[in-house]
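You will see two complexes here that share chain A, one where it goes with chain B and one where it goes with chain C.
The block that comes next holds the complex of A and B.
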């Protein structure tokens, strides 16, 4: 009994470099202004290269902590430098100093400092943007500062903004480009998802990471379908992947061949679906299949 | 029975928060006295990592018999929650608390 009719599609790969963002951008173009786009792959946010968002609204984003030493209170005992397992504190010119690039914000030094000279400060880790894209859709995305990392918190922020916009503007779809891996940012990107598209490639690590992400998705009971990208580079591995999908009763959405046009389009800042080619029709077919899966779920 | 919900708001008509770790509120309904306890979870939302475990600890302190949520806790939080006798029902995202409670009562939510 859903109270609002909005479907969130999350694209994941387990392994990086399988073509996830290229395919997500293509789906975003096919969905046009019916979808709100969320780029949660913030460690390597590159969707903006294909969708040309205008960086319309900017919000600073704070996450994690940074140790700050009050030199007047510091007794120079050196305990902080001893316990820091990131070697972020060094003794320079008669003072203990924190290297902000090395500090991971664990707060061990703050806990053990006998004179309470250390406090943890909230650290600005990047910016969140709400943009209009060149295809007329709204996109929520982020950019991290140097040495900052993606987090479940940042992913939750991007997704919550995207959901709010979709609800407000009555958009039927949210398309989310997720992070590689299976860790905190990925788990965060799965919250509230209605469908997951998995992108894999026929390689040893492609299949290995696919197994891990499938285990995770099953835990959350989210329905999913898989695309094997560059399937013709190793057809033996491709059939192994298909066997695995069958065993897991996971839908096999399509095989995409290796195609130099993918890269050529990317160099021009366009997606593969913007010019007529067999790949374009395959991707249109995938998008129709995904929509049909969402309709079945709604009934 | 004490029924806990992950919730985006503070009333029976609020939507279930699909997130476990970073849920806005934890709401506990006591079927005995019909009371509703609202726990603000916004501080946990600010954890960069490991929000699920911190929320699991809060739920541990609230001692509910049942938890109703969206997709369910992740691996680490689920391991922590195994240590209390609590049944977990998922798939309640896109429902209000009231709808989710009715669905649970009629046995339509999936237990993990």
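The block that comes next holds the complex of A and C.
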């Protein structure tokens, strides 16, 4: 029997704090051992708080370089500081020094240094983990080092590991929790995605940010559906969002009410679908809808 | 005095705090509010003002001049980001990977990679009474936020250095855009919520702020919805809690409609007083 294609589902929101991680974790529980989970919100990863990964395997993530000046070889000519477009090299106490937070690793200084006093050092910028979780599925997650760059590359690494596991273990789904915003980690998480679930909230900010992420998703021609979380905090805005979705021919997956249980479950380290409630039913419904969308696309 | 409003976690109330604080203070004096959440700038939704100026911002990216190129391969070897790649007899530039370091362009012996302008976003100035809002907005599809954040700092320094108090609304997270946004700040306000996610991301944000060595204090938004773990953490780490804002449907509804709420919620204006005192003491 031919193996069904693996489907990659990415959860995004544009605006932060709309409930991405709580909802993604709930979908992960509903998908059970059919899914591999990826946490691509690499600079503020939270899924581990709900899914209890065992941090079974750790890989260090190296990306980019850092200029290092050998002060014995340096002739103090200052050419390095002249060519650096990031203003990362300054002359302090008789020495040219590199500010590691500003250096973007372009190596221009290394190339033009007449006394070869600069070398590029490989820079560790985070860790990738492959874990077994309390819900029985494998999870790939990561931690970007504080103030580090290249979050897009780390996201790509997390997704590649998740794909490899899904292919090896014949899992039909990869469920990915994305970052807020529309910049490099988000664009990186969209690469290769089959379906995007957008989580928004009924506020002017929520709608404004939704418009921007929808524009981005359309550029990539990925099909998507949207959940309005805390819809009852402003029902007028909720209907505005629905009108917007209709105009964009984007599926409205569900409305979720503001419910303090989300927070209470989070404090207990559980997801909302692990206890009977109307919310659980709605989320089950969402998961069925998403699976159906993916099946339609496959045919 | 430059006050950055930041948070690890998104959606904790950065924009709520930055806009309300800025407008509140602008009743007495000139205030500059800089929206550096360039991927999703929202401050303008809360400021009713007149657009004074829009300035298009460009990123410099090399363009291949086939007629001059000798196919020596130096550009391809030089670029650390794999943004300039020689494939057979063609040099391809991947704009999104380029960091605008100029190395390939200036090291090319045949001057075959001149730098060209590419639009990456816009900086808009909106005036409302004593308040000046500078909004920095990245074009959709542009990946790198940091170059635009840097250019916004430069534009602000050039044009608005006469305004004494600057409030900077930062992007969420703990990586390079936040470091770039808080670079010139004298004080960082960390907005969080009393939940496990809020606490986890606050810890990351605190590490970031310690790395860049800035004084900081915490504002707990919706302080009554979760548990006391954030407060215990702040005590342990000796980070001052400057204000606690309650969960109040009036705040949530006002915010959702693009309204300022400080004059409806007395606790907010009291909090602003504590915040300003703490910042002044620290700076």
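One rule holds in what follows: the second predicted complex is superposed on the first by the 252 of 299 C-alpha atoms of A that agree within 3 Å, B and C clash if a C-alpha of one lies under 4 Å from a C-alpha of the other, contacts with A are read in each partner's own complex, and residues count from 1 in each chain.
Everything that follows uses one rule, which is that a contact is a pair of C-beta atoms (placed from the backbone, for glycine too) under 8 Å apart; a residue touches a chain by one contact, two chains touch by 3 or more.
A quick note: this is a predicted structure, and the numbers were derived from the prediction, not measured.
By the touch criterion defined above, A:99 lies against neither chain B nor chain C after alignment on the C-alpha atoms of chain A. In the superposition on chain A, A:180 makes contact with chain C only, not with chain B.
By the touch criterion defined above, A:151 lies against chain B and chain C together after alignment on the C-alpha atoms of chain A. Judged by the touch definition given at the top, the superposed model places A:277 against neither chain B nor chain C. Between chain B and chain C, more residues of chain A are touched by C.
Using the contact criterion defined above for the overlaid structures, shared-chain residue A:63 touches chain B, although it does not reach chain C.
Once the two complexes are laid over each other on the shared chain, residue contacts for A:221 go to chain B alone; chain C is not touched.
Of the two partner chains, chain B is the only one touched by A:192; chain C is not.
In the superposition on chain A, contact is made by A:86 with chain C only, not with chain B.
Put simply, chain A uses residues 64, 105, 151-152, 184, 187, 216, 219 to touch chain B in one complex and chain C in the other.
For chain A in complex with chain C, the residues that touch the partner chain are 14-18, 21, 42-44, 46, 49, 64-65, 83, 85-86, 101, 104-108, 111-112, 120, 144, 146-149, 151-152, 179-184, 186-187, 201-206, 208-209, 212, 215-216, 219, 233-234, 237, 260, 263, 266-267, 269.
For chain C in complex with chain A, the touching residues are 8-12, 15, 38-40, 42, 45, 78, 80-81, 96, 99-103, 106-107, 138, 140-145, 171-179, 195-197, 200-201, 204, 207-208, 211-212, 225-227, 249, 252-253, 255-258. Considering their complex, residues 1-4, 63-64, 105, 151-154, 156, 184, 187-188, 190-193, 216, 219-222 of chain A touch chain B. Across the complex, chain A is touched by residues 15, 18-22, 45-52, 70-72, 74-75, 78, 90-91, 93-96, 99, 103, 110 of chain B.
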